[in-house]
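What follows is a structure written as structure tokens; I'll ask about it next.
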Amino acid sequence: MNLHPMKLVTIVCEAYAAEPVLRLLGEVGAAGHTAFPVEGSGARGRRLADIPEYANTQIEVICRPEVAAVLLERLAGELFPRYGMVAYESDVRVLRPGKF
Amino acid sequence: MNLHPMKLVTIVCEAYAAEPVLRLLGEVGAAGHTAFPVEGSGARGRRLADIPEYANTQIEVICRPEVAAVLLERLAGELFPRYGMVAYESDVRVLRPGKF
Amino acid sequence: MNLHPMKLVTIVCEAYAAEPVLRLLGEVGAAGHTAFPVEGSGARGRRLADIPEYANTQIEVICRPEVAAVLLERLAGELFPRYGMVAYESDVRVLRPGKF
Amino acid sequence: MSEALLANLLSPAVLFFALGLVAALVRSELKFPEPLYSALTIYLLVAIGFKGGVAMTEAGLGRIWLPALAAIGLGAFIPLWTYPVLRWGGRLAPVDAAAIAAHYGSVSAVTFLAATNYLTAIGRSYESHAVALLAVMESPAILVGVILGKRALGPRGGVPVPLGLIVREALFGRSIFLLLGALVVGALCGPAGMRKVEPFFVTPFQGVLSLFLLEMGIVAGRRLEDLRRVGPFLLAFGVIVPVVNGLLGVLVGQAAGLSLGGGMLLGVLAASASYIAAPAAVRLALPEANPTLSLTSALAVTFPFNLTLGIPLFDAWAGYLYF
Amino acid sequence: MSEALLANLLSPAVLFFALGLVAALVRSELKFPEPLYSALTIYLLVAIGFKGGVAMTEAGLGRIWLPALAAIGLGAFIPLWTYPVLRWGGRLAPVDAAAIAAHYGSVSAVTFLAATNYLTAIGRSYESHAVALLAVMESPAILVGVILGKRALGPRGGVPVPLGLIVREALFGRSIFLLLGALVVGALCGPAGMRKVEPFFVTPFQGVLSLFLLEMGIVAGRRLEDLRRVGPFLLAFGVIVPVVNGLLGVLVGQAAGLSLGGGMLLGVLAASASYIAAPAAVRLALPEANPTLSLTSALAVTFPFNLTLGIPLFDAWAGYLYF
Amino acid sequence: MSEALLANLLSPAVLFFALGLVAALVRSELKFPEPLYSALTIYLLVAIGFKGGVAMTEAGLGRIWLPALAAIGLGAFIPLWTYPVLRWGGRLAPVDAAAIAAHYGSVSAVTFLAATNYLTAIGRSYESHAVALLAVMESPAILVGVILGKRALGPRGGVPVPLGLIVREALFGRSIFLLLGALVVGALCGPAGMRKVEPFFVTPFQGVLSLFLLEMGIVAGRRLEDLRRVGPFLLAFGVIVPVVNGLLGVLVGQAAGLSLGGGMLLGVLAASASYIAAPAAVRLALPEANPTLSLTSALAVTFPFNLTLGIPLFDAWAGYLYF
């Protein structure tokens, strides 16, 4: 069993931000993503998922460390000032490194 | 790119436990959370998400290590005996440490 | 507070693969799991969650390291060739190690 | 009665329920998404509450207070007699006995709906405002059951829960709130309001209920495998106790002045066991109780029994009593 | 008028809205799953659009262009007069003033539906193709508001957003697309198509709207706690400005040749504030604006006001003007 | 025929489908939440199955067995002739050819519903129990296709899958189970049951189908970008093969004694390609096949073709044959 280290970048953002985030993923060269609707609370108060327009989306991306660095940098520069959003990075290990 | 270490506490619990867990988050001083409905299985058998009352909720909280410690301790003391529940902690890195 | 290291194995797969994955979890001796529907993109293109049959499922399993190793090995051998799927492992800490 | 029984068994509602059971048993992937379940529940509760409220405006409050008091008393009484049966007959732990007793004293809205459907189908009239009985009968047994359980746990036994929370949960749970709220709305709107919403809340009602029972069949069927965890005592309890409560309920209904149809409905309410409101409140107040025991017997034994055999049985009993 | 007011307050639609508010205020766990909200929205927009389209085929385009132009002009004008009020009366930041002005110039489809419901209930006729006014009036104010905001931010101020994206969002948002699309489909199908789908899109419409307003009550009620964040100026603004716009709208409608019912509907459109299309477009174009201010006043102040008091008020005003 | 074609193209069902395609093409954010899709599917399958079952009770089983056998034979035959075409005409890999052949031999319930809608609209009668043909025709082609694929992979080629699983998937998939189950329920209930649920399962049916086709338009439109992955051969295949199968199906229907309307429906079934049941079963049994090829041609080429041009074409052909 040969596991290879990768980064998992998790982004929780308001629904309106999902499209720009996905566009950014394409630009920084992430090979895929997984997304699902969530509700939550944070600096901008409670975000209830009762209306799709007011809900949050959680987006998870497995990528190489250098892609993760660029992704986080651009998130912080381009999207943090604009949307309610949280992003964090963690360490994971995958089986087929070529896939990411 | 300046990443700061934080803890991610993940709680999977039966739907009835979501409200007490959120109340506890407020008490221990967590600055936000993200939640979504899930289904699962564990010691209490299969929990199918076919009826909202019987579903599970997954709650994710990014917080400082000392908050995570208090949160886990109080979860174990006050809510584990009462509800079907799993909680675990992992390491993440965030960009704006002041937010958490 | 006594935290014990465990592995979290996360599997994102097409809906048709959920049943075989859950069966595999039983065979390798995982004590529980959590699952929820997601959408995503990857090598097989975009998977929109507009029809249940075409959606993805994310399955998360906390287990002991030796179970995680067997699980990943069998996933790679038996299910990777057959279904659109991503699997990765990360480190978490839990409170009640006997549960897993 | 065997004719009525057959008519009930061959109604779309019961047959769709059976189809749902089959789907769960053959492990078909058929399942309803959770939001569809919620949507159907909301529709059914609002529709029945609204209709009942309009009927109350027409009938006047004077006709409902005595049956309502009777229903409340009946709900509070059921856990008192079933608790000792569970405790000493079934050798269940005190807290489990209290929890199960609470479920059986409380009521199942869907069973009630199926019974009104049955009455409509056989052309028997009933007080439309009888839905108020459903509303008032959800909580009393829960409160009694929780008190029994707390007492059994002793002064410092068990997890402490603020009393306010328990009462709020028993009184303002999702289903009671919807039902009572729609009842009030209907009472305020009266027949003029009814005319506007009738094509949505009344005309397609029976069809929606049939579809919902398909889902209930799946939900119940998926819990059938838990039956072996509840043991033979609870299986028998889940059939015999409803019969006793149902027969008793019709008697009480007759004494409280309800019509033949209304008395039968009170019997069905008494016989039915809650699997939504009671689990939520009991889980909160008595977390020490094992939820699988009460839920499985209420949902996988008593509910199907009432739906298929109970309803025509209580109707036959009412027919016998009233003539 | 007090009779009409009472009739409106006691209609199922308004009472269910109030019930939703109560649910949110007593913190009942009652909530609609998000897909049910979406399903109801899709149904209501498609139904009203389709019906309007069929009516347009019957009425001919000749009868709609003048009112449509008037509605567009009115929508574009509202942000122009409310911006200075917000900016200097309310001392709001320029970008917030522009954002709020955009919301109040745009429209709320549900308020429009409630108004048509009201007209149907009191038996007053209106141009069925008036739904076209709803469709054309969503975007102009958004575009004007965004321009005001961008100008206030200065040449290099604010986050740059491609103009194309903003226009696409203002013109092709979910609700406008559905409404306009169903309108075109209805216009192409005509009465022959209507006969096929009438039992689904027309007959149960009022009931579905009532159920939806229950949900809107919950959604609005859950934002009531944000009211203290918006301050007294916006509370007053959220009531007074709709009244002014509503009275103005009826005048414009009369001048554009609409019937009494149609004029009242244009008043309601002018008075209503958008809480779906405008937030989405403004969030994209003016991310610097605080969304809580515009959303809370539109959803938790103006929407309930129009639904309960505004609709009968504008109807009374129309009755006064037209005779 | 051009008149019938126009009537079909201007029906609400087809126009809403076109609107959904447009929504996907202009990348409007309009989308139906997944549970709404499931809810509409469940409703449509249960409604059509129930109605067909009631009709079967009324018609007697004697009238259905011969057409049913013919439908099964036709379903099994289609993959046999299309496999070589795909394999050598299209130079597709054996396993892909087998998978696609299975999809085209199986059927699409929505295409069938649209065809019954069309017949209702033009006032042509058909055997209501024809829905039984839809039910029996889903599986045979899947089984034949899987056998062809497994044989092509050779004795030890390919991933091994227990035969039982494949058969269960082909026979008990969600849609077949619902359709067959509701058919049995309808047959047991008969006309008495129908009266109870008619306002829900029959009256609004056409409207619900129109709304569902809006969603199908979005679903199909979002896969249009995959068209360049399937290549020109499959594009042509997706139009020509349905025409051949459709013409053949009407012939077989006539030979099996179906009425003009019923024969046309068997033609539509033969022409339609499965995009729910077949993908699930084939994905399980032949994971080596590329699902994009079969799904895209069935969903984004053949489905729109049948809905718009195929249905009136097979109707015209039936009209020609039967007179």
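Read from first to last, the chains carry the letters A, B, C, D, E and F; within each, the first residue is number 1.
The working rule: contacts are C-beta pairs under 8 Å (C-beta built on N, C-alpha and C of every residue); 3 or more make two chains touch, one makes a residue touch a chain.
If you're wondering where the values come from, they're calculated on a predicted model, not measured in any experiment.
J.: Using the contact definition given at the top, which chains are in touch with both chain C and chain E?
T.: Looking at chain E and chain C together, the chains touching each of them are A, F.
J.: Keeping to the contact definition above, tell me which chains border both chain E and chain F.
T.: The common neighbours are D.
J.: Hey, which chain ends up farthest from chain D, C-alpha centres compared?
T.: A
J.: Which chain's C-alpha centroid is most distant from that of chain C?
T.: It is E.
J.: In whole angstrom, how far does the Cα centroid of chain D sit from the Cα centroid of chain F?
T.: Averaging C-alpha atoms per chain gives centres 41 Å apart.
J.: Would you mind pulling out the distance in Å between where the CA atoms of chain A average out and where those of chain B do?
T.: Distance between chain centres: 19 Å.
J.: Two or more other chains touching the same residue: where does that happen in chain E?
T.: Those would be 32-35, 38-39, 203-204.
J.: Please set out, as single numbers or ranges, the residues of chain B touching at least two other chains.
T.: In chain B, 36-37, 52, 90-91 touch at least two other chains.
J.: Going by the touch definition at the top, which pairs of chains touch each other?
T.: A-B, A-C, A-E, B-C, B-D, C-F, D-E, D-F, E-F
J.: For chain E, which residues are in contact with chain A within the complex?
T.: Going by the criterion above, the answer is residues 31-32, 34, 37-38, 159, 215, 218-219, 222, 226, 276, 279-280, 283-284, 287, 292.
J.: Which positions of chain F touch chain E when the two form their complex?
T.: 10-12, 15-16, 19, 22-23, 26, 28-30, 32-36, 39, 117, 121, 203-208, 210-211, 214
J.: Mind pulling up the chain B residues that touch chain C in the complex?
T.: Spelled out, the residues of chain B in touch with chain C are 10, 12, 36-43, 56, 58, 69, 72-73, 75-76, 80, 86-91.
J.: For the complex, give me every residue of chain C touching chain B.
T.: 1, 3, 6, 8, 31-36, 62, 90-96, 99
J.: Spell out the residues on chain E that touch chain F in their complex, using ranges where they run on.
T.: Those residues of chain E that touch chain F are 33-35, 38-39, 42-43, 46, 50, 172-174, 177-178, 181-182, 184-185, 188-189, 193, 196-201, 203-204.
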